[in-house]
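Each of the next two complexes has chain A plus one other chain: chain B in the first, chain C in the second.
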Partner chain A sequence: MNGQARASVLLRHAVGLHARPAVKLTKLAKRFACRIGFGLAAEGPWIDAKSIVKVMAAKAPKDSTLYFQAEGDDAAAAVAALVLLVERDFEDVD
Partner chain B sequence: MNANVGIVIVSHSPDVARGTADMVRQMVGPEVPLAWCGGDPGGGLGTSVQGVLDAIERAWSEQGVAILVDLGGAETNSEMAIEMLPEDRRDRVVICNAPVVEGAVMAATEASAGSTLDEVRRTAEELKPA
Partner chain C sequence: MSTEAAATMVCLQGVPAAPGLAAGPIFRLTEPTIRVERQAGSATAERMALEAALQTAAEGLAALIETAGDDEEAEAILSFQAALLEDPELTAPAFAAIAAGTPADRAIREALDGEIAGYLAAEDAYFRGRAADLADLRDRVLRHLAGAEEAPLPAGVICVGSDLAPSRFLATRWDGGGLALARGSTTSHVAILARARGVPMVVGIVADGVANGHPALLDGTDGSLVVDPDQAARLAFEVRQAAELQTRARDEKFLTRPAVTADGESVAVMVNIAGPDDLSGIDPGHTDGIGLVRTEFLFHGRDRLPDEAEQLAVYRRILDWAGGRSVTIRTLDAGGDKPIPGLTRRDESNPFLGVRGVRLSLRHPEVFVVQLRALARAAAVAPLKVMVPMVSLPEEMAACRALLDDALAQLAAESLPAGRPQLGMMIEVPAAALMVEAFDAEFYSIGSNDLIQYTMAASRDEPELAGLARPNAALIALIARVAQYGAGSGRPVSLCGDLASEPAQVPLLLDAGLRALSVAPAALATTKAAVARYRRAA
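And then the complex of A and B:
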C-alpha cells in the first residue's frame, strides 16, 4: 500500500517556528516511516520534515500556513499528527 | 541498553557546557544519553583528556557517541581521549565539525529518532551559518 496525504494548518505560535517547535515537529515526523514534505506554500517547494536543520532554517513566521504532504503506509496518520501538533501550539502531546 | 547515540559536550567553560546540556535536555528531551565536561579543577577555563573520557563513559551508548567541542584544546583533548578508548569503542566515537550549542541540539534531535552515529554527525555538520 502506498498512501498519500496532504494538509495545511495555520501557524499561530507567538514567534513562529523557532527552535523548540522545530525540534518537536521534526521529532514527531521521524516517528513515521513515510516520506513527509513540509512547505510554506501549497505548491512547495518541499523540504524534508524529518530534517531538523532544514525545518529550523525554514524560519516559518507567525500566521504563516504550513503545508504537509506525505507518501507511504502511514501518511495519513503522520499528516494528522503534525497538524494536531501545530493546532495545539506545540504543547507536549506525549 | 540505550538504543540512541549519546552526545558529549566539551567546552573550556563549564558554564557553556552545562548550559548547552540544559538546552539539549529541555529542547530535545531525556531519551538521548548526554554528558558534558569543561573547566579546570581550580574553577578556571580548560578541558582535559580525563574529563572527556569520563563524559564519554557517562554518555556511552552501544550505538556510539558524538562529541561537540568549542575551541582548540577541546578538540585535541577529545581526539586524545578517543585514542585512549578501548579498541572496541574507538570506532564508535566521533567529533562533529559543528558549532557546539547549535550542533548539540541538532545532533541530539537526530539521535532521539534512533539514527545512526553517521547520520547524527551529518545532521550536526549540515548546519551552516545563516
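And then the complex of A and C:
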C-alpha cells in the first residue's frame, strides 16, 4: 500500500526553527520509513525532512507555516507526528 | 613566590561576559585552523580515511554529550553538531570530490566551508552564529584526519585568544580558571556556557603581547585582565577572591528561598534581562518574575528594525518562561549610550541629555506603535506590564497612553487578539521623582543608574567623578518620595538598577520603603541574602 499524506502547521516557536527544534524534527522524521518532504510553501520546493543540513538551511522564521508531504506506508502517521511536534512547540513527545 | 618585579604589570580592559574572579598562568589559545599537509593516498584510501575521521569525530561528540548531563545549552550545541555529522547531505559532496581525486582533507574542508559560507550570509544573527558550530565540527574532523589529537586545555589557567569553540570549552576542566577573548560577544554560546558554569569570562580583550605562563588576574565582573600583577594587586585580588568565595557559599543557600527580611516581611526579587537568551539556566521559581526587559537588544546589530511578529514571538517566549509571574517589559530605550543606526541621532553634543528613551519613541511613532501593538498582542496571553523610559513630563505619559489606545483600537478593528497591558513609567529623571503624583502611571520602576547621574550631574562613565556618582542622601530622598507615594496610592514601585545588586545598598533601599527589587540574574542569591539580613530600625 502506497500512502500519501500532507499537512501544514504554524511554527510558533519563539525564535524560529533553530538548532534544537530542527534536530528534534529531523530525528522524529527519521523514525518513519516513508519519504518526507518539508517546505515553506504549499507548492514546495520540497526538501528532505530527515536532513538536518537541509532543514537548518531553510532558516524558517517564527510565525512561518511549515508544510509536510509524505509518501510511503507510514505517511499518514509521519505527517501527524511531525505536526504534533510543531504544535506542541517541540516539547518532548514520545 | 618571588617578590621582585620580574615584569611590568599590564592592565587590559574588556567587556564582562561572565562574572567571577580567576587567577592563574596565561595560556594562549592557538589558532584552530589546521594546515597540516597530509600525504594523500588512492581514492579508496582517502575515502576510508574520511570515514574513519568522521566516525572518531562522532564518538568524540557522543562522549561530550554524555558529560554534558543536565546542561541543556551544552547538550543542544553538541547534539546539533552530532546530527550534522550523521547527515549524508553534509558529507556527500566530500565523498564525491574524493572519488574525483581530491584528497580527503581538502574535500571535507571545501564541503564544510560551503555550508559555513551559507550560514555567514544569513540575515538572522542566530543562523550566522551557527557558522561557528560548523567550523568547530570541520576542525574536529580535520584534526582526526591529520592524526592530531587536540591537546586538552590545562585546568586552572587564564586562557587568552581570539575565540574558543563551544566544544573545546565543554571539553575543558576549568577548575578556577578563566577566559579572555578578543572576539566573541556577551551573547555568544561560549559566554552563555561560561555564565551557566560559573567560569569568569571577558570579551574584547586583545592580549597579543601577553606571553604564555605569566601570572594573571581575571575579573569577569568588571571585565579586566591584569598580567604580571605586582604584589599589592595580587594581595588585593586574593582578599577579594577569598571574600567572594565565602560570601557566595553563604548566599547560595538563599537562592531557592523566597526573599523575606529578618522581620518576616516579604520582598519581591525579580531579574533584569536583555532578552530570552538570558533566561536559560534561571529557574523561574527562584524569582518573583522579571522586573525589566531591555528591548534594545531586539534592535541592535541588525540592518532593519524588528517587525511586529518578531517582537511578539520574543515577548511571548518571555511570558511563557515566567509562567504567570510578573513581567515588566520596557519600551525601546535607545539613545544616550545605546545608539541604534538609522534611529537615534548622531552628533548630539550631549547624548545623555538628548533625544533618548520616550523622547525618541514619541518622535518615531512608526517604530513605537509597532512595539506597542506587539506588546498588546502578547498581553492577550498573559498579564503584562509595559514601562516607558526617560519620562520627564506628565504630557509624555499622556501621549504614550493615547498611542497605546490607538494600537488597541487598531488591533480590535483587525480582530487580532490583544490585551491592555498595565502602563507604567521609569523614574530616572529627578523631575519625575519630584512630581510623581502628577503622572498617569499604573506603576513605577526606579532606574537607579540614570537617577544617580541626573541627580548628581555626574557621568557614571567618568572615573574621576566615581565618588559623586554614588548613592547618597539626595538619591535616597527621591526614592523614598516615590515609594511613599506608591504605597499611599496603591501603585507598585520597584527598583531595577545596579544598586539593588549591591548588598551594602539593599538596607538603604528597604529603609526608603521599597519592597520590590530587580537585579541581574547572577545577583539573585546575593540580593536575597541581603534582604534576609535586613531588620527594620526600631
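The rule we apply is simple: the second predicted complex is superposed on the first by the 94 of 94 C-alpha atoms of A that agree within 3 Å, B and C clash if a C-alpha of one lies under 4 Å from a C-alpha of the other, contacts with A are read in each partner's own complex, and residues count from 1 in each chain.
The rule we apply is simple: contacts are C-beta pairs under 8 Å (C-beta built on N, C-alpha and C of every residue); 3 or more make two chains touch, one makes a residue touch a chain.
Remember, predicted model here, so these are calculated numbers, not experimental data.
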item: First, second, both or neither for A:Asp63, with chain B first and chain C second; value: second
item: In the superposition, chain B vs chain C on chain A residues touched; value: C
item: Contacts of A:His18 with chain B and chain C, given as first, second, both or neither; value: second
item: Footprint overlap on chain A, where chain B in one structure and chain C in the other make contact; value: 19-20, 23, 26-27, 51-53, 56-57
item: Residue ranges of chain A touching chain C (in the complex, touch as defined); value: 12, 14-16, 18-20, 22-23, 26-27, 48, 51-54, 56-57, 59, 61-63
item: Chain A-touching residues of chain C, taken from the complex the two chains share; value: 76-77, 79-80, 83-84, 86-90, 115, 118, 122, 124, 126-127, 130, 133, 276, 309-310, 312-314, 316-317, 320
item: Contact set on chain B toward chain A in their complex; value: 26-29, 105-106, 109-110, 112-113, 123, 126-127, 130
item: List of chain A residues in touch with chain B within their complex; value: 19-20, 23, 26-27, 30-31, 50-53, 56-57
